[in-house]
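Here the structure comes first, spelled out in structure tokens, and everything after it is commentary.
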Amino acid sequence: MVKTSFRLGEVKFKNRVLVASGTFGYGDDLKDLIDINKLGGIVTKSLSLKRRGGNPPPRIVETPCGMLNSIGLANIGVQEFILKKLPYLRTFETVIVANIAASSVEEYCEVLSMLESAEGVDAYEINVSCPNVKEGGLSFGASCSMTGKITMELRRLTKKPLIVKLTPNVTHISEFARVVEDSGADAISVINTVVGMSVDVRTRKPKLSTVSGGLSGAAIKPIALAKVYECAQVVGIPIIGIGGIMTTEDALEFLIVGATAIQVGTANYIDPSTGVKIVEGMRKFCDQENIDDVGTLVGTLESNKEISVIHSWL
Amino acid sequence: MVKTSFRLGEVKFKNRVLVASGTFGYGDDLKDLIDINKLGGIVTKSLSLKRRGGNPPPRIVETPCGMLNSIGLANIGVQEFILKKLPYLRTFETVIVANIAASSVEEYCEVLSMLESAEGVDAYEINVSCPNVKEGGLSFGASCSMTGKITMELRRLTKKPLIVKLTPNVTHISEFARVVEDSGADAISVINTVVGMSVDVRTRKPKLSTVSGGLSGAAIKPIALAKVYECAQVVGIPIIGIGGIMTTEDALEFLIVGATAIQVGTANYIDPSTGVKIVEGMRKFCDQENIDDVGTLVGTLESNKEISVIHSWL
Amino acid sequence: MTTVQNIFPVVGNQEVGAEIFILRFHAPAIARSSLPGHFVNIKVDRSYYPLLRRPFSIYDVEGDDVEVVFNIVGRGTEILASKRPGEGLDVLGPLGRPYQFSDVQYSTAVIVAGGLGVAPFPFLTRFLKKEEKQIITFLGAQTEKMLVPKRLANVHLATDDGSAGCQGTVVDLVERYFETTCVEGPKFFGCGPNEMLRALSQRAENLNVPCEVSLECVMACGLGICQGCPVELRGGSVRYSLVCKEGPVYDTSAIVI
Amino acid sequence: MTTVQNIFPVVGNQEVGAEIFILRFHAPAIARSSLPGHFVNIKVDRSYYPLLRRPFSIYDVEGDDVEVVFNIVGRGTEILASKRPGEGLDVLGPLGRPYQFSDVQYSTAVIVAGGLGVAPFPFLTRFLKKEEKQIITFLGAQTEKMLVPKRLANVHLATDDGSAGCQGTVVDLVERYFETTCVEGPKFFGCGPNEMLRALSQRAENLNVPCEVSLECVMACGLGICQGCPVELRGGSVRYSLVCKEGPVYDTSAIVI
């Protein structure tokens, strides 16, 4: 029997495969299509203090091996989540990670506090790729100090695992990883979507109502892997790898470069059972390779350190 | 007749389609396959002071809709370029842009000076995605001040068009664009490759000898477009759009978001005549749409400014 | 309705017009729970390019076979057009909310289809016949070769170029018909480009006739999880409904097309 | 040699072994200027996935038709396997430096092929016959079904599992042959996995026999412009040669495999 589980603080995940925020709804829509209990965890759609209707259409456009989205964090709001979704979600035998979005530090705190008083949330993932209203809408996630501040404030409010989800749209993501670790986070999720855009040349309009949006899917996997690897060189806390994971092999790449676990995102849209298949695929791989604990794969990249300078000549 | 030409200072480009550095060699290898005289310009492989052998293999790996490279700027060196390649290259009726790479500010200056004294180079493109030896190998291109400094120093040495090629691997590329403009550059090229990596899960080795490399090709087009658009909001100097351009439509997207011209990169590997086809395709498009100057497309994106905040909620 | 995802065998793929195909696959699980207006979401091949599934209305169900009709507009449909009997097809469905065809408030179903918007109507026609409704069908397209006037009832044609039926838009044709003919207890069932649906919705309002339409929009998941497919709801503040889940069929009085 | 790029019609695609195909296309311009050891670079379809061309040795040329042999190892070759006569194939070629088969220094061509490394040899065999060289061919593979022992001369087989010919590696077979047989003025012509070529190169050195091999490596352009395909040259300081341009055929005394 291959060991698949891992722990984050007090919380035990039955395996290293979670589903990413925004790509699995609140779990209820997919219950008939897949066996949710087989997943290591579910990360909810980002929850904001108030219900958000989201951006005007079009919100989605396909790109080569990827897609752009500009959903505008449409979500039912934390209150309705607690009342309508959480009780059902809790019935699954999997870890429930509530993902939180907000436009001020106070709001992050408020949402987390509300979830703390409700029962059933096992851990938190903080989406810092949100506009900081006080700074004219600049993304929290693009500022090391703001990202650290949010982490520190939220840390005070909960003993549950606190995961901070980093944006790839920064020069040195490892600086953010370090600050987040120093501020008390239990783990980091790497990465959120990459900024991108697309244009309709006939109408000369952007294909997303908001002009730019977030790129996800297979196209970004190489970028995500490099970001996870960069973070793994500097932090000791676990990293959850995200970005373009479509297959077991993709997932294994993330473990090898240093991710303790992974999240399946866009792939859920194409095949909602991707996560479950990867759980099974990892087990098979370990069987074949005589590995008795998936965890022993983590961070085992064999590289010739002499020539492996990240910012070297390309 | 559709007007296709544009000017950069004294230099007239017959059309807005160039071929990107590192994807067309020094022109001589492709002379029998395509009619080079139909291109707006050729950007040479990056030239360094001394000949560079490049990185150990493997240097290339394919990724979904893209590829990673870690060539290590293998090139014949500026002297040999001047002696062996330039005389022949000059015989083409197209603009010759020499791309320069170096590991110190002085070296950049030295290479440019050597090219200044030779005859036949029409313009310079500066590759700042190079490790700064004095700063422990951190990329020049990731530092606004270093990028500005290089630009300023080189500006003093030449009256020919000076184009600085920006890296996308930074938080706010527009800050770099502005600094480069303020430092006297005549144009910017946007973008160089995006950092990425790939792993062989059986051997647990990176698929590139240098661990990480540069992602290019169709996969990065959405990222490149967003970067060009971001720069176009802040600078007045022309922008040369690069990244994942495979078709005429791709090229037009770049013009619409604000690029004055474009460069075809990775697509040359698949079809060396991509550039020539795009020249023709742009002409056709303009004919169809009753446009008499390709230039009137530049920066014509129609967007609802109200909802088009770049760093907004995704 | 039980939604399933599986690889189903293609049993036919026939070109029925200018780059228009009817693709038939054997999918008992989908056939059993489909209703008119439902759609299926097809992964055209295992490649990541195109990455996403492609939504298609259920054109018809015969026994355990399900059919979709499509025209080649891009890479996805180009690949679909190359499918041969025996190949496997990755289909997720049925999805969405069907037409409300069985209510007793109306007696004549007025079907209005633009181009490939004809897709849901052969299947709907079957059910309308069972319900013993009157049926009048208006079908429009740019030109004759883009019409697929099969398995419909009481069909009136319109083409932009006049190559078949009346020259003009299908909505104009409907309007003229209503001016000259008395239709008993009508209800519109529309499908086609947004522009056409907008016009139809307008006419329905003027004529005070109930009107359901099936909307098209870009979709990432088709399952209600990505929030990528909003349509604006009528009413004071801006509110959205998800086309893949609460649609694709809407009463036009509820939405802003 | 004139390199061309064009869409050429497929004229045949035959499965000749376990997922092994011989693909034949009509390409007079390529047929005319190809030599043994040259390769062609094929864009398997118009998709961006896979993005790059795929290099294949020229297996044979008959009249105006060119053939390649390949086995299915990934998406590119999977798509190639589905090509049918009449379809167009985007081919760039011929490319590279061919085998030096016509020099007078040797009289017996000893061909050593591992697996699909047999690819360049039917074409080479044709030319060797014209040159009136002696030919001995050693062909190895994991198992019988992966051998393509066609259009070769004087063939000796080896398989890892012993299902055909001698059990063992092809290089071992060559070694044993040379121990027992006197080969007159031999020269090795090798192609196969790097490991095998390394072993062959070693044996050639020991036996003091000249040896040319065709290397495989990942390529982005095949034209000498991306610098993506280096092989290290022997000698003091580290220097590289581009396999696509100065290779794929090298004298083993010149390179570090």
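Chains: A, B, C and D, in written order; residue numbering restarts at 1 for each.
In the analysis below, contacts are C-beta pairs under 8 Å (C-beta built on N, C-alpha and C of every residue); 3 or more make two chains touch, one makes a residue touch a chain.
Note that the coordinates shown come from a computational prediction; the quantities given were computed from them, not determined experimentally.
> Give me the step distance from chain A to chain D, shortest route via touching chains only.
Shortest path length, in steps: 1.
> Please identify the chain with the largest separation between its CA centroid and the CA centroid of chain C.
Using the mean of the C-alpha atoms as each chain's centre, the farthest one from chain C is D.
> If you average the CA atoms of chain B and of chain D, how far apart do the two points sit, in angstrom?
36
> Hey, how far is the Cα centre of chain A from the one of chain B, in Å?
Between these chains, centre-to-centre, one finds 33 Å.
> Using CA atom averages as chain centres, what separation in Å is found between chain C and chain D?
Spacing between the chain centres: roughly 53 Å.
> List, in ascending order, every residue of chain D touching at least 2 other chains.
48-49
> For chain A, which residues are shared contacts with two or more other chains?
Residues 56, 64-66, 69, 71, 218-219.
> If each protein chain is taken as a node and each touching pair as an edge, is the resulting graph a line, ring, star, complete or other?
complete
> In the complex of these two chains, what residues of chain D are touching chain B?
It is residues 2-5, 43, 48-53, 217-232, 238-240, 245 of chain D that touch chain B.
> Taking the touch rule as given, give the residues of chain A at its contact with chain D in the complex, in rising order.
Its residues touching chain D are 64-65.
> Given the complex with chain B, which residues does chain A contribute to the contact?
Per the stated touch rule, the residues are 52, 55-56, 63-66, 68-73, 101, 129-131, 137-139, 142, 169-172, 192-199, 201, 203-206, 209-215, 218-223, 225-226, 229, 244, 249, 252-253, 256-257, 285, 300-304, 307-314.
> Where on chain C does chain B make contact in their complex?
48-49
> Note which residues of chain B are touching chain D in the complex, please.
Per the touch definition, chain B meets chain D at residues 22-25, 29-30, 32-33, 45, 53-54, 56-62, 64-67, 69, 71, 74, 217-219, 246, 266, 268-273.
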